[in-house]
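Below are the structure tokens for one structure; questions will follow.
As written, the chain order gives the labels A, B, C and D, with residue 1 at the start of each chain.
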Amino acid sequence: MSGIWGNKIKISIFGESHGKAVGIVLDGLKPGIEIDLGYIREQMKRRAPGNTSLSTARKENDEFHILSGCFRGRSTGTPLCAVILNGDVNSEDYEEISNMPRPGHADFTGRVKYKGFNDYRGGGHFSGRLTAPLVFAGSLCRKVLEERGIVIGSHVKSIGRVEDKYSFDAVSTDKNTLEKLSKDIFPVLDKGCGEKMKDSILRARKEGDSLGGVVETMVLNLPAGVGNPFFNSVESTLSQLLFSIPAVKGVEFGEGFNIAAMKGSEANDEYYMSENHEIKTYTNNNGGILGGITNGMPLIFKTAVKPTPSIAKAQRTVNIESGEDAILRIKGRHDPCIVPRAVPVIEAAAVIGILNLM
Amino acid sequence: MSGIWGNKIKISIFGESHGKAVGIVLDGLKPGIEIDLGYIREQMKRRAPGNTSLSTARKENDEFHILSGCFRGRSTGTPLCAVILNGDVNSEDYEEISNMPRPGHADFTGRVKYKGFNDYRGGGHFSGRLTAPLVFAGSLCRKVLEERGIVIGSHVKSIGRVEDKYSFDAVSTDKNTLEKLSKDIFPVLDKGCGEKMKDSILRARKEGDSLGGVVETMVLNLPAGVGNPFFNSVESTLSQLLFSIPAVKGVEFGEGFNIAAMKGSEANDEYYMSENHEIKTYTNNNGGILGGITNGMPLIFKTAVKPTPSIAKAQRTVNIESGEDAILRIKGRHDPCIVPRAVPVIEAAAVIGILNLM
Amino acid sequence: MSGIWGNKIKISIFGESHGKAVGIVLDGLKPGIEIDLGYIREQMKRRAPGNTSLSTARKENDEFHILSGCFRGRSTGTPLCAVILNGDVNSEDYEEISNMPRPGHADFTGRVKYKGFNDYRGGGHFSGRLTAPLVFAGSLCRKVLEERGIVIGSHVKSIGRVEDKYSFDAVSTDKNTLEKLSKDIFPVLDKGCGEKMKDSILRARKEGDSLGGVVETMVLNLPAGVGNPFFNSVESTLSQLLFSIPAVKGVEFGEGFNIAAMKGSEANDEYYMSENHEIKTYTNNNGGILGGITNGMPLIFKTAVKPTPSIAKAQRTVNIESGEDAILRIKGRHDPCIVPRAVPVIEAAAVIGILNLM
Amino acid sequence: MSGIWGNKIKISIFGESHGKAVGIVLDGLKPGIEIDLGYIREQMKRRAPGNTSLSTARKENDEFHILSGCFRGRSTGTPLCAVILNGDVNSEDYEEISNMPRPGHADFTGRVKYKGFNDYRGGGHFSGRLTAPLVFAGSLCRKVLEERGIVIGSHVKSIGRVEDKYSFDAVSTDKNTLEKLSKDIFPVLDKGCGEKMKDSILRARKEGDSLGGVVETMVLNLPAGVGNPFFNSVESTLSQLLFSIPAVKGVEFGEGFNIAAMKGSEANDEYYMSENHEIKTYTNNNGGILGGITNGMPLIFKTAVKPTPSIAKAQRTVNIESGEDAILRIKGRHDPCIVPRAVPVIEAAAVIGILNLM
């Protein structure tokens, strides 16, 4: 069991890539939230494939249907269920290779876990398509946070070995920057680096290969005092959600792995009293969190996304039925890099987590 | 609320550094587990301060008392509570600076969160001392896993800027290696690098400073099929626990942030059929997890630990009462580096998490 | 928040009576369970209105659509979502009286709880229609229990003041009896009493009034050792689920309120060794549960169902807008007695609870 | 697993009757609650044995030790653990009969559940002594509710076949009545009936027998809008807690089983607008709850408590080791009736539940 998460707002996710539908139930939303369909569609479009030449040409129908919990355009406070119907998909390709697990995918582990009964077509329940309902849920939570002045934004920090030369703590990041990034389908701080990233993606595609990357995310205007020590710390809560996104293999807060290489005197964020009598820190190496609780500084974290496992190149695998080694060639059109499409999913996970902590 | 975690085995942690006691309740342990007091003490001793010249000279009494759930040397299956009484501690130092939050600590965030009612002495509920009950709980879970042949081990991958030149996937790591590491108070793969690490810690102490580091952990003999997609994935479960350890700021599985820089064709772990007809992968970049579920390869993850925030050097802070900037000098004896002592805590978090997933 | 329940199998219920749909997500079903559509429909038909002259003439479309978690006729082990679409309903009647809460209904409390944003039409989320997805979920759990030989059955113990002269412990109740009762739309042990009950219902309908009743339920072949002390005792678990059924106001196990009037020497179920060396009790006043755990005797409980609050008779209420007393006349066709239709819902709650405890 | 309950305030109960201690952890208490030791002791004294000639002469040491979560007389907001040490008890009597399960007790079911590893002495984890920490927790929650003007009180409605002629809805019950009842060790509404109840208890004791009874509880000044539909309804929440009290076999809200015998026109609580413009009901058959949510009328429920299973009379049982029928004579001093001592436990369960819903 694993599709249910949360304490204040519980989400219950369901669906398979080639089944009837994917969807989500949100339980615990306060009544009266404006369900802004345009806003939700805008968020979901950020995740949808086919936006640019960088993603798969495959079109997915991401139109959602709200089945409950919404009345006269507002949340009722009762469980809100939204479903996204799957179109008619040609699942034949998957039949052919159902005994040959794709490297880097959950084909083999899913088969073991579910004793062969799982719907393996298109990744089934493990498909990236399941992140669509997550973005739906995120868009509702995001709206609630925005009403309190809290904004979230991300930039692609790296694609493969190409890195954005700026980071969120290197430039003076403000609300405008984050909002602008949120509207960009390939958000970067340095345009030049962004072009190089895109080039590397196109090159990987040409080679029948794929690339991963790192996303840096910032949340502004979170009050101090949000979070808990131990198991519901801000880091624990967000990491649990972030690692439930397919392809995420690393999460760090503030300077993360870098802070481990600093001295205490460098790492500690010293305090000062700001002009308007707020307690601030000179640096933000802890990413706005101390003892699992926000300190009023911007919340910053980075998420490592592995390269798309589906590649055109031939790969070695096994045939589970025959028990022999085999060569696999994955057909179909796949994203050479899912990092840009992962950005809204990461933000959705973050806002769902933050709203649960407030 | 945050001190309770788990579904199959629930743990409930409590206590303050300078209060009466710290402790833990484990609910859901199966009946009949041998409560091996020697084994538990051995595990807890790994975390205890004062083991070497590298840690604080301060002695803590870590002797635990099992109050329930144990009968005739075995678990009863009912909730098992263990407490560790706090000795009489001189809390005066903390009174003096109760209005001056220590940089890098939770003094400020705890004060905001708990509206000034929290026990701030010695870090209170945020103190590293709370990890002692975690190691207690871990030692019980570890024993259960060991009975199934599952072993866990770690090495200090880096201290400050000094790195162990080997990693778990670079040497042929087996059960013996892990067990030997578990007995070492400063476990490293390369002795020479280990000496350099120790030197750097002693140097930092002399400077009134501190160091952090990275711990690499491996779990051997986990069967394939453990874990879940989404919110209870192996990564989600372990990261939630790992990030609840004070000072942890980053977690990555397998190649983690490095995998984000690879191409798909490099990152994908290709399959082959082993001689004894098991499905294996040539590489283990995914750290033994695909789709949140174990694939039978060794589980590998790295944890970034920030430098001890308590340093002798003067630091800038604010006086919350007066509203003015201030200079803080922390008295007392503190660890120049808690990384070696964090190793058993990280392992405890991991075994608690894994047992919950099985 | 309240629509999510369970630990091993989690259910997440959603929907409103006059919204788009009602539905449920089941998370934690084991893979490979046969999804027997005929069996599910049969169970759901027991709850559906319009079966007899005793229930409302109103027809509801209870046809369900399984959106996920089912592949080739079997459960996949991933979350299974089923929805029941609501037909086009004339909601005008409800508009008219939206400010006049119906006595005995949740109109007033729902309005306060949800600050006026809830969908009040037809009872909204509080509607008895929400029990349809519960019966759907129950039919899956029931099937799993039946495969282990565990059977459940109920009879209407009383309607208004008319009581069945037999109880489950008075006649020798066996598997056949329970299975026969399960096929009866108005299950009773004594046919004559059953006829009197039906007469009283018809009489109440003629008077524009309604009746409640008591349902007695038995579960056979449960092994000893199921359940827990305290918060997840069999009684705690089942009562939490039973009281979540609209209109249930009392739950008792074994002799329940009667046992409180007995002496210890009468109440205690004394043990004996049966011929095939099983430990049995001479009596079953504790309803098969001691210390929250099953003892291998039949599990027996009774559920009190209040009379349908929707009656044709004029009733006193208030007009919330105007702040004045008012007279309410409820239009439409309503069940004069929902007790027979509550039987499969009670059984569904029980099997969901029991499966969670096993 | 079952010793952990709650969402806003989680409680984690542990201990065995003849082990080292019993205790509880409360997680989620708001910071700053006055920990009034006198008030807590007063509440716990109501449950303690040896108060009157009606209860066992056996003295128990109920002195509690707060180990964490309390600083300078107030709750810190972090987990609060309290333990009650068990005195040195003579456990020999239990050794003798460890293979002969006492009828009505959990000896047999506990043995099956825990595979023989449980601490059976004195009932172990199933002992009524475990209700002491529950009353401790309840006294903290009760204090929080009292600060908001919410009061709770109970009376013994019946002992064996002797019934109090008044009920809470028959006399005009106000705050004073409830507070007075809370100070009475044997609270009844009609003194004459109370004397008859006491007589019947003394008679039962003389006969080597025991009696059960029914407790009626009322909560005043709860605002409308507390609770939820379905699984966290007021009834679901309270019943789950009430049924976790050893010996409770029935729970009903408002008229409970009686409402099932009413007509809808009798059962429905009609509304009127009160003089100070509050919406009230003429009757309170629903016990202050509609659709699982409070309606502002007094919350009323009844709890059925079975007779103490420990009686002096010889009883039939089995010898599990030899596999033969046997005769059991329970030694020691036992309560002839635990109903009066159950009153504060029932109230504790209720206030813990209510605080979780608010």
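Everything below uses one rule, namely that a residue touches a chain if its C-beta (ideal position, glycine included) is under 8 Å from a C-beta of that chain, and two chains touch if they have at least 3 such contacts.
Since the structure is predicted, the reported quantities are computational estimates derived from the model, not experimental observations.
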item	value
Chain pair, C-D or A-D, that carries the greater number of C-beta contacts	C-D
Longest centre-to-centre distance from subunit B, chain (CA-based)	C
Subunit B-subunit D separation of Cα centroids, rounded to whole Å	40
Rounded Å distance between subunit C and subunit D, as computed from the means of their C-alpha atoms	26
Whole-Å separation of chain centres (CA-atom averages), subunit A against subunit D	47
Residues of subunit B engaged with two or more neighbouring chains	1-4, 13, 78, 113, 125, 229
Residues of subunit A touching subunit C in the complex	1-4, 8-10, 12-16, 19-23, 25, 27-28, 31-32, 65-71, 74-81, 83, 113-119, 124-125
Partner subunit C, residues of subunit D touching it in the complex	1-5, 13, 101, 103-106, 108-110, 112-113, 125-126, 130, 158, 160-161, 204, 207, 209-214, 224-225, 227-233, 235-237, 239-244, 246, 248-257, 259-265, 267-273, 277, 279, 281-282, 285-287, 289-295, 302, 304-311, 313, 315-318, 320, 323-325
Footprint of subunit A on subunit D - complex, ascending	7, 78, 229
